[in-house]
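Structures incoming, each one as C-alpha cells.
In the two complexes below, chain A is the common chain; its partner is chain B in one and chain C in the other.
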Partner chain A sequence: MDRHKGRGWFIFWCSAPAFLLFIIFMVIPTFNIFRMSLYKWGGFSARRTFIGLGNFRTLFEDMKFLQAFQNTVLLIVVVSVITITLALGYAAILSRIKFKGQNFFRIVFYIPNILSIVIISAVFSAVYDSHNGLLNGILALFKGEGAQPVYWLGNQNIIIYSLAGAMIWQAIGYYMVMYMASMAAIPESLYESAGLEGAGKLTQFFQITLPLIWNNLRTTLTFFIISSINMSFMFVKVMTDGGPDGSTEVFLSYMYKQAYTNSTYGYGMAIGVVIFIFSFALSGIVNLVTRRETLEV
Partner chain B sequence: MKKLMTIALALALTIGLFLPAMAQEAPLKVAAIETAYGAEIWQEVAAGFTAKTGIKVELVTDKNLEDVITSQMKAGDYPDVVMLATGRKAALTETLIKENLLEDLTDVLSMKVLGEEVLVKDKIAGGFTESSLTNPYGDGKTYLAPMFYSPCGLFYNAGLFAEKGWELPATWDDMWALGDKAKAEGIALFAYPTAGYFDAFFYALLFEVGGPEFFEKATRYAEGIWDTPEAQQAFDIVGKLATYTEASVPSNANNDNYLKNQQLILDNKALFMPNGTWVVGEMADAPRADGFQWGFMALPAVTEGGDRYSYTWFEQLWVPAEAQNKEAAKQFVSYVYSDEAASIFFEKGGAVQPIVGLAETLEGDNKMFFSIYDTGAKAALGNFAATEPVEGVNFADTVFGTVNSLVSGDKTRDQWVEAIKVDSDKLREALK
Partner chain C sequence: MQYHKPRPTASAIASRFLIYLVLGLLAILIIVPLLWVFMASFKQNSEFYGSPWVLPEGLYFQNYVDAWSKARMGDFMLNSAVTTAMALGMLLIFALPAAYVLSRFRFRLRRLMNISFMGGLFINVNYIVVPIFLMLVAGDKQLRAWGAAPFFLNNLFMLALVYAATALPFTVYLLSGYFATLPVAYEEAAYIDGASNLTTMVRVMFPLALPAIITVILFNFLSFWNEYIIAMTLLSSSTGPKTLPVGLMYLTKAQNARSEFGQLYAGLVLVMLPTLILYMLVQRKLTQGMALGGLKG
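Up next, the complex of A and B:
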C-alpha cells in the first residue's frame, strides 16, 4: 500500500513540471485569447471595452476575412491532396522498387524541408519572376519570343496556386519520409505471396500498402491541416505580403494585420478564436471520416 | 562579534552596490529607426546632447525598430524619445496615435532650442507643424515633431527624354499623349514600387483637383466627398493611369521585390514612377541604361496652367505619454533643431530637416530635388485623419492597395470607388 502511494507521488512530481509549463504557456494564453476576443482594444492602452460577441458579428460581414478564409481552405485542400498523392507515389517507388541512386533521391526530396522558408520563398520568387523567371523562360520556348509572359505572382487568379506550388515542393520530402517509415514495417512476405497470386504493382499498392499504412496517413492529415495554416502565413509574409490587393491573404496573415497594424487587437484575437475552432473542428471531422478498422499484420 | 562584523560588512557592500545607481540621474532612452541615412547620425547627436546637458543617452537604433520596442512598451518599459514615422507597415506610430498615447509637444515649440537663443517654432519651416501629420487630432496641439523630409513626385530618366526629344508633360492630357507615344516604342508610361507609394501621389492629386480645402474635407472623410466632381476626376486619373502601367508591376509590388519595379525606370521600360528622393541612394548600385540621369518633377496639372503639387513626406519624432523622463525628452526634441544637430544629420547622413534656410545650402541632386517648390510646384502636406481603430477597415489598403487590382483588371474603377465610400463612412463615425 505504502509502495503504491509512493509511486503515485513519484509520477506526480515527474509530470508536475511539464504540466505546469503546459498550463502557463498553453492553457492560460489560449484562455486569454478567448477572453480578449470579447473586447475592443488597441493592444497598448488601458482602455478596454467589453463588447461581447461584437467582434464576431463584424467578422462574418468582413469580406476581406472571408477571402482569407477561402484562400486558407483552398490551400489546405490543394496542398494536402497533391502532396499526399506525390509523397505516397515517391515513397512507394523508393521503398518498393530497387534502383540505383535510391539514397540520393531520398536526400534530394528531403532537402527542401530543411531549408528555411525565407530561402524557399526567395527561390520561388525567382522562378516565378515575370521577366527573367525560370517558368516564363520555359514557356517562352513554346510560345515564342515576345509573347506575353504569365504573371505568376501578379495575376490574382493564379497567384494562390503559385503559393501552393511552393508549399507542396517544401512539404513532399517530409511526408515521403513518414510514409516510407511505415511502409518499411510491412513484411516482404505479403508482397511475395501477392506476386505469386498474380497481383501487379498497382494492385499491391492499393490492396496491401495503402490499407497497412492507413493509420499513419490519418495522422498526417491532421498535420496537413495545421501546417498548411502555419506555413501559408510564412510563405505569404515573405513572397506576397497578402498582395496584390489582398488576393493571397490567409488566416494568420490577416489576423496579424488586424491585431498589430490596424490597432484592433481584440478583433485579431477574435480571428484567432475562429482559426482555433476551425482547425480543431476540421481535424475532428477528417479523423471521423477516415476511421477504418485497424489492420494489423 | 565576528558574526556581527560579517553582517555589517555584507550590508555595507550591498548598499554600496546600489549607491551609484541611486546617485546618477536616470538616462534618457532614445529609440530611432535606422533608415537609409544610417545609425551614426543618432550616435553623434546623442553624444552632442550629453555634452550639452550631462544627461546620459541610452540609444537604440534598428532597421525594424518596431520589433525591438513594441514588446518592451507592452511590458511598460517605454523609451523617452522615439524617432519613427507614420506610414510604415507595422504602423506602431499610428497605433499610439489611435490609442492617445503620445505626449503633447506643443510647449516644446515655444521652448528655446537647446544651446541657442531661438525658439523652436521659429526654426521649423512654415506649415510643418500645422498638418495632420504633426497635429493628428486637429485640435491645434502638436504631438509629433517634424523631422527629415523629402519631396515626393514623379521620377524619370532625364537622359531618355533628351535622347528621344520628348517634352515633360505639364498636364495630365500631355501625360496621356506621351503615354501613347511611348507605347509605340514599347515603353510603358508608368510604374510604381508598391501600391503603398500611391499615398504621396494620391494626396498631391487631391490637392490638384480641389485645393487645400477639398483635401481637408476628403482626408476627414466628409459626407459625400467622394461623389464630388473633384474626387471623381482624381479617381478617373488613377483609373486611367492604371491602364498605362507596366503589366508586370503588381507581381513585384511587395516589400521584397519592389526594387524590380524601380529597376523598370533605370532600364527604360517605364517612364515615370512615384517616389521620394531616397530612391537615388536606394538604387545607387543598380545597373542602368546608357546616359541615365535622374529627373524629378511634380505631378502634372489637371488643367492647363493649373496648380502642380509635390507631396512633402517627412518623418516624425515623438515622446510616448508613458515616458519616465519627459523633461529631458523635451530638451532633446528641442536639441534636434539646433544648428549643431542639423549639420550632423545632414553631413553624416544626408538627412534634411525642415529648418528655415537649410534647403538653400544644398548642392547637386539634392538641390534639384529640394528646389522643386521654388520652381512652381506647391507643397502638399497632410494625410488621412486619425480615427478610433475600426475593425477590419484599413483605409490605406482600400484606397492605395486596390491600385494593384486596377492594373491587373481584377477590379473596376467603380468597384474601387464604392469600397472607398463604404470604408470612408465607417471611419467618419470613428473620427477623433
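Up next, the complex of A and C:
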C-alpha cells in the first residue's frame, strides 16, 4: 500500500485528529495536575503564587488527608482480597465443573457490572437504611421486631465495611468472567492426566489452574488497585459524601472536595499528584512481589 | 472406548448440592436487592413505613409518572440518549481511522502514538476531571472576554466530546489489535483493483472489523450511559441540562430529605431498565468481548 500517492496526507488525516483530542483532554490535564500542585491557587481569582512543594508540606500534616489515605488503603486491601478470592473460586467452579444452569449463574453474576454506580449506591443505601432497609429487615427476623437497628451508614466503625460490601458486590462478576476466560485457555488434557494420577479437584486448582493463570491474575491485581481508588470515590460520592465526620473520605473524594467544592485548586492538585504516585508505586510493588517464573502451556 | 456413566455416589451428590448452594447464595445476593427495588417502585409512600418485606398493596404506577415528569427523569433520559449517541459517533469517527493507520502503516510518529495511547490506558478519567473542568472554565472566560456566549460548560456536546476523547486509548487499543489480525491480502486485492487508501479503509477494512466495532460500541455505550462524575462536574449549572445518572443522584439526595421513596425507586428502575434489556440481548457478546479486549479498569 505504501506505493500510493498522498500516503503521507492519508496517514496524517487518519491519526492526527484522534491524537490531538487525546493530547488535549488527557495528556495536558495530566500534566496540569503536576504543574498546578506547585502553586497556591484558590477561588476563581486568576492570582497564582508559586510555592514549590509547599502544598505537599501542608498535605502531610493534614489529618483529614491521612484519614483518607488510611481509608483508601483499607478499602483496597479488603475489597481486592475478598473479591479476587471469591471471583477465582466461582470462576473455577463455573469453568471446571459441568452442571445444569451454568449459563444462568454466569449471566446473573455479571449483572452488577452493567449497572451505573449511582444505581448500585442508591440500591445499597436503601438496603443499609436504618429504618426500613432490607438488611435490618432480615436482622429483625432473627432478633425479633423492635430490636435496635444497626446503623450501617451511620456508625463510624461499620460504615467503611458497608462500603466495601457494595464494592465487592459490584466487582465479583467482572473479575470472575476475566478469570473464566483465561481458565478456558488451559488444555483439558492437563486435568485429565492429573485426574488419572489421583489428584483431587482442589489439588488440581492449586497445582494447575492457579499457576497457569498467574500472569493474568497479576495483571488484574494491578488494574484492581487503580480501579479500587476510582470505584471507592464513585461509591462515596453518592452513598456518604465522605461523612460522617470524614470517616469514609477516600483519596479522590478528598481531592474532589478540595479542588472542586472548596476551589482550592493548587492544594487539590497536590492530592492528585500523591494519588498518581501512590497508585503507580503500589502497582509496581505488587507487580514485583508477585513475580514468578512463567509457566507456558 | 465404551464409557458408562457411573451411578452417582453419595459424596458426588453432596458435592453437587454444595456447588448449587454456593452459587445460589451469590445469585440470591445479587438478585434480591434489585428485585426489592423493583417491588418498592410500585409502593405508595405510606407503605414504606411498614415492614420492608411486605409485597406492594397494588401496582402504584403514579411513582413512575412522578419520576418521569415531576422529577424530570424523562428530560434527563433524552439528554443521556443524545449525549451517548454523540459520544459514540465521535468516538468511532476519530478512533477507527487512527486504529487502522496505527496497525497497518509504518510512519515516523507511529511508535510515539502507540506508546502514548497505551499509557493512556492507565490514566483514569476521574483522576483528571478537575483539570479538564478548569480548562473549560478558562475557555468560557476567554469567550466572555471576547463578548461571546459561554460554550464549553453545561453543554452536552462538550460532555460527549470529553467522553469520546477519554475513551480513545481503550478503543484504539482494542480496534488496532483487531485490525492487526486481518490478512493484508484484502488490501492488496483492493489496491490491484485501483482503490484509493481511503476507499480501501472505509469500504473494505471497516466492514471486516465489524465484530470489534460492535464490542467497542457495547462497552462504551455502557460506560457513557452510566457515567456521572464527569457529567456532574461539567454540567454544574442548576438550570442547565443534566444526564440521567446525575439527575438520579440529586433525586437520591433530595428524596432522603423529603422521603418520597416511591419516586426514587421508580427513577432507579427507569435508569436500570435500558441497560438490563440491552444486557439480556447481548450478554454472550459482552462477556466474550471482554476476553477479546482484555482489561478495562
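Quick notes on this one:
The definition used in the following text is that the second predicted complex is superposed on the first by the 269 of 297 C-alpha atoms of A that agree within 3 Å, B and C clash if a C-alpha of one lies under 4 Å from a C-alpha of the other, contacts with A are read in each partner's own complex, and residues count from 1 in each chain.
In this section, contacts are C-beta pairs under 8 Å (C-beta built on N, C-alpha and C of every residue); 3 or more make two chains touch, one makes a residue touch a chain.
Computed from a predicted structure; not experimentally measured.
When the two complexes are overlaid on their common chain A, residue A:Trp152 makes contact with chain B while staying clear of chain C.
Once chain A of one complex is fitted onto chain A of the other, the partner contacts of A:Val238 extend to both chain B and chain C.
In the superposition on chain A, A:Phe22 makes contact with chain C only, while chain B stays out of contact range. Once the two complexes are laid over each other on the shared chain, residue contacts for A:Ser227 go to chain C alone; chain B is not touched.
Judged by the touch definition given at the top, the superposed model places A:Lys257 against chain B, while chain C stays out of reach. In the superposition on chain A, A:Ser125 makes contact with both chain B and chain C.
Contacts of A:Arg106 after superposition: chain C is touched, whereas chain B is not reached. More residues of chain A are touched by C (comparison of chain B with chain C).
Once the two complexes are laid over each other on the shared chain, residue contacts for A:Arg47 go to chain B alone; chain C is not touched. In the superposition on chain A, contact is made by A:Asn55 with chain B only, not with chain C.
In the superposition on chain A, the residues of chain A contacting both chain B and chain C are 121-122, 125, 238, 260.
By the touch criterion given at the top, residues 40, 42-45, 47, 55, 58-59, 62, 64-65, 121-122, 125, 128-131, 148-149, 151-156, 238-241, 243-247, 257-258, 260-264, 267 of chain A touch chain B in their complex. Those residues of chain C that touch chain A in the shared complex are 16, 19-20, 22-23, 26-27, 29-34, 36-37, 40, 48-53, 94-95, 97-98, 100-102, 104-107, 109, 113, 116-117, 120, 122-124, 126-135, 161-162, 164-166, 168-169, 172, 187-188, 191, 196-198, 200-201, 222, 225-229, 233, 245, 248-249, 252, 261, 264-265, 268, 271-272, 275-276, 278-279, 283, 286-287, 290-291, 295, 297.
Residues 73-74, 89-91, 94-96, 98-101, 194-195, 247-257, 260, 389-394, 397, 401-405, 408, 410-411 of chain B are the ones touching chain A in the complex. Note for the complex: chain A touches chain C at residues 1-2, 4, 6-8, 10-11, 13-15, 17-19, 21-22, 24-30, 32-33, 36, 86, 89-90, 93-94, 97, 99, 104-112, 114-119, 121-127, 132-134, 137, 169, 172-174, 177-178, 181, 184, 219-220, 223, 226-227, 229-230, 233-234, 237-238, 252, 255-256, 259-260, 265, 268-269, 272, 275-276, 280.
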